[in-house]
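Labels run A, B, C and D following the written order; every chain starts at residue 1.
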């Protein structure tokens, strides 16, 4: 649903609320003429499909895991593939969900990811986040299950600073579970754990990666894996490791914001067979 | 051979014996009209062939190793490829064996796996098992040769709980051997070692993986490998590792029973060239 | 620009200056008739393009990193691809730069690598170097971030002797940065660090590899990676490691100078689809 | 050159000399009618070419390394590719050498491997060996450079028993070298080091693998790599490792002699595009 927002109301909103650039962008696109917005939505869903295929091609996702993107025309909705292996997702499989995890106008026969609450609750908690990846990345899970902190090994993974928190579902729920973020309460606890960070690990399960755009969330997921591999190699050497410090990481992260598109475009070309 | 079972006898059997769901299923399919049973058998053998190719594609099997499935029409028989590299198995290579490891109606020129006793003796000991994989998986053998216990690193490998026993053929036989499970006595000792578990390692040799269906045995074999890789990475860090505890694993295993089909279908598509 | 050099002036130059063989070669090619020199330039640029593709195929480069070659017709210029993923570089994307990092006759719309100063300042400092690779090689970065010295594990990586220095940009600049070699001053500091060696690591960033030809710089980059993998495996064993000593490495390096062409030709065939 | 051996002389030779089965076979084939022997030679050279391609496909060889086979028609000669990357070898590139490393009837323009003395001196020292592989296998070199002994992790690599000696060229020569086995004296020292074993490592260089047939030498090279990977993973865990003991290995090796053909045939199919 496209909210009716007058210029005045928009100005008031800008003045009255601390809005991140991403939310500004969301409101901006909400004001677009219908045709352009529909064109934007089609391109966005194509990017979401590409993101699924890229993350499989880059070995971040296997038969499991999911990617979503907030609807710029309605920030209370997000798009995600229906319950399907990421490698098989097409535009026809993409469903809109609300922030309670309910499907909107889904086709009959479609089933939905048990863990859509990961996405819904992060979108609720983080106005700056417009794209989310949940994966069972196998090079990252060892870090989720040990006290070792994942930290930036190089400038390209600077977004891991300042912190990569670890979500332990047993602590969140207060007892044993089947490890799935299967309802809003657990989703909220996970969102609380990730705080303002880009990545959170999930003990005995995997990770969640967030970003303001699809391109950047895919980039972050791929390079979180790369960082985990490098850090594991360094750790196995037994030698002290120097990581990027907080200032270096913050500065490098601004560069990543500028240059990540090159990797995204290259990966898109690859999965589209060019 | 299809046993003649009247409804009354079936009811008596159900009442008188503690039957697992799998055996019930076996008896059920034994009652099917011949055409449907033959259709089932054809599909089952296609799945067995696919399982061979998937396990090669997923690097669980190389030129060696084998997969079998119990015959639902006659639980005293099982199907397995003849002595051939798994990558080369076709439906025409599949042979029926009895629980002594004898081939039934095999074609002339066919030779048989030396270690068919692994399968026969596990089917004898485990009424709940209808599919068996024997592999020389190289990421798992290091765990077979060291005292380190393979334990579930994430929810997807929850079936490793409660235990992954290690079979040492030297202890079983009481002296040196060529490491092969080459007769019924050694097969029985291996079946005794695996107990009620899903996976047993074989010191200096490989592993055996069991399940109620082909799809699940392939899933378990692939994710036993994945777990071994992750656990090896965590171990090399020297840090204490948190695994799924018994309650978490039992709960997660119920989810695996529900969702493993997605991976199986994806892998089948891949090896069939789609 | 082709300098006008008479035979006499050439002889004087040879007599008066201590010229490395590479510079002699550069002067030599400067005297070639225009057609041959242009033919040489075309072949050189094709090799530069091939080098980009080989280094991606060999997993030394991903979406980032760059390769350059000094212009034999004008040693104050070097050729490099414009700001583009190495996998996508074609001859039309190759730009000539001067030693201040300025593009010469670049096409409109072309952007340039932020870190072209890595190449410019190394060409300035090293008359013997005619080809440079900058990569974010992920098996090498762990060595950049720990005190462990990269040393030759076998004869093929003998060029790592006598030393693989580590450049720490924080020390060079005297404070935090975004980790990029984004100006001539930082480039000079990196060139100073590499000294007369073939490879320098860059803490929290990657590496730079230099050589007198494209073929040899690609060879060195590929085998630096191979050496890093082998050394990491040896280090993880905890056992003492024997490396090539200085004399062995110097002798083996002469062989590498003779035989590296075989690998280069093989890799070129592979990326050209033969 | 086919030696003229009468039946009587053959009988005398058998009586007078302790001949291994392999030499008996060589003498036997020397007595074959010319056409059959030529047919055998053509098939042997095709297998030699396939061995090169398989070892590249299995990542044992890269642009470097070589495979040879003794000529069954003249055990004083062996066949090997000329100085060429193994991936590129065809039947037309195969040259016959004598035990001094001289080429016999080689084509003009052909150059020869600097290290052909590895092959010649092993054939001289080992009447039971008819095939030799020299590789720079990168998972094996860490074992060559540390005191850790390569030992059989499973039945398939039983041929590593009883011993995998390490050749150190510095000790053999009494001073620094370029690491190459570039003359008969060094070749003899390497042959002395390997003794009666199947594999010897070469410090700072690689390995040599020997066997009575091409199929078995390729099998041994591939599974030496596999064993090295498994053993490295076990070592990195820090836990005590149980290897096959000498009796187990000897018994398992008899099985390997029976079953290695299955892997060889599968690998041949793969490189021939089937």
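In the analysis below, contacts are C-beta pairs under 8 Å (C-beta built on N, C-alpha and C of every residue); 3 or more make two chains touch, one makes a residue touch a chain.
Owing to the predicted nature of the structure, the values given are computational and were not obtained by experimental measurement.
Asks: Can you tell me the least number of steps between chain B and chain C, where a step is a move to a chain it touches?
Replies: Contact-graph shortest path, chain B to chain C, evaluates to 2.
Asks: Using just the Cα atoms, superpose chain A onto chain B and tell me the rotation angle to the nearest 5°.
Replies: That rotation is 90 degrees, given to the nearest 5.
Asks: Under the over-half criterion for shared residue numbers, do copies chain C and chain D use the same patch or different patches to meet?
Replies: Under half shared, hence different.
Asks: Counting only Cα atoms for the centres, state how far chain A is from chain C in Å.
Replies: The computed centroid separation for chain A versus chain C comes out at 37 Å.
Asks: How many angstrom between the C-alpha centroids of chain D and chain A?
Replies: Here chain A and chain D have centroids separated by 52 Å.
Asks: Touching at least two other chains at once: which residues of chain D meet that condition?
Replies: 236, 238
Asks: When you check every pair of chains, which ones turn out to touch?
Replies: Pairs flagged as touching, ordered by label: A-B, A-C, B-D, C-D.
Asks: Contact residues on chain A for chain B in the complex?
Replies: Its residues touching chain B are 62-64, 83-85, 87-88, 114, 136, 138-139, 141-142, 145-148, 170, 176-180, 203-206, 232, 235-236, 238.
Asks: Under the touch definition given earlier, write down the residues of chain B that touch chain A in their complex.
Replies: Contacts found on chain B: 152-156, 226, 229-231, 233-234, 236-245, 247-248, 251-252, 254-255, 259, 262-263, 265-267, 269.
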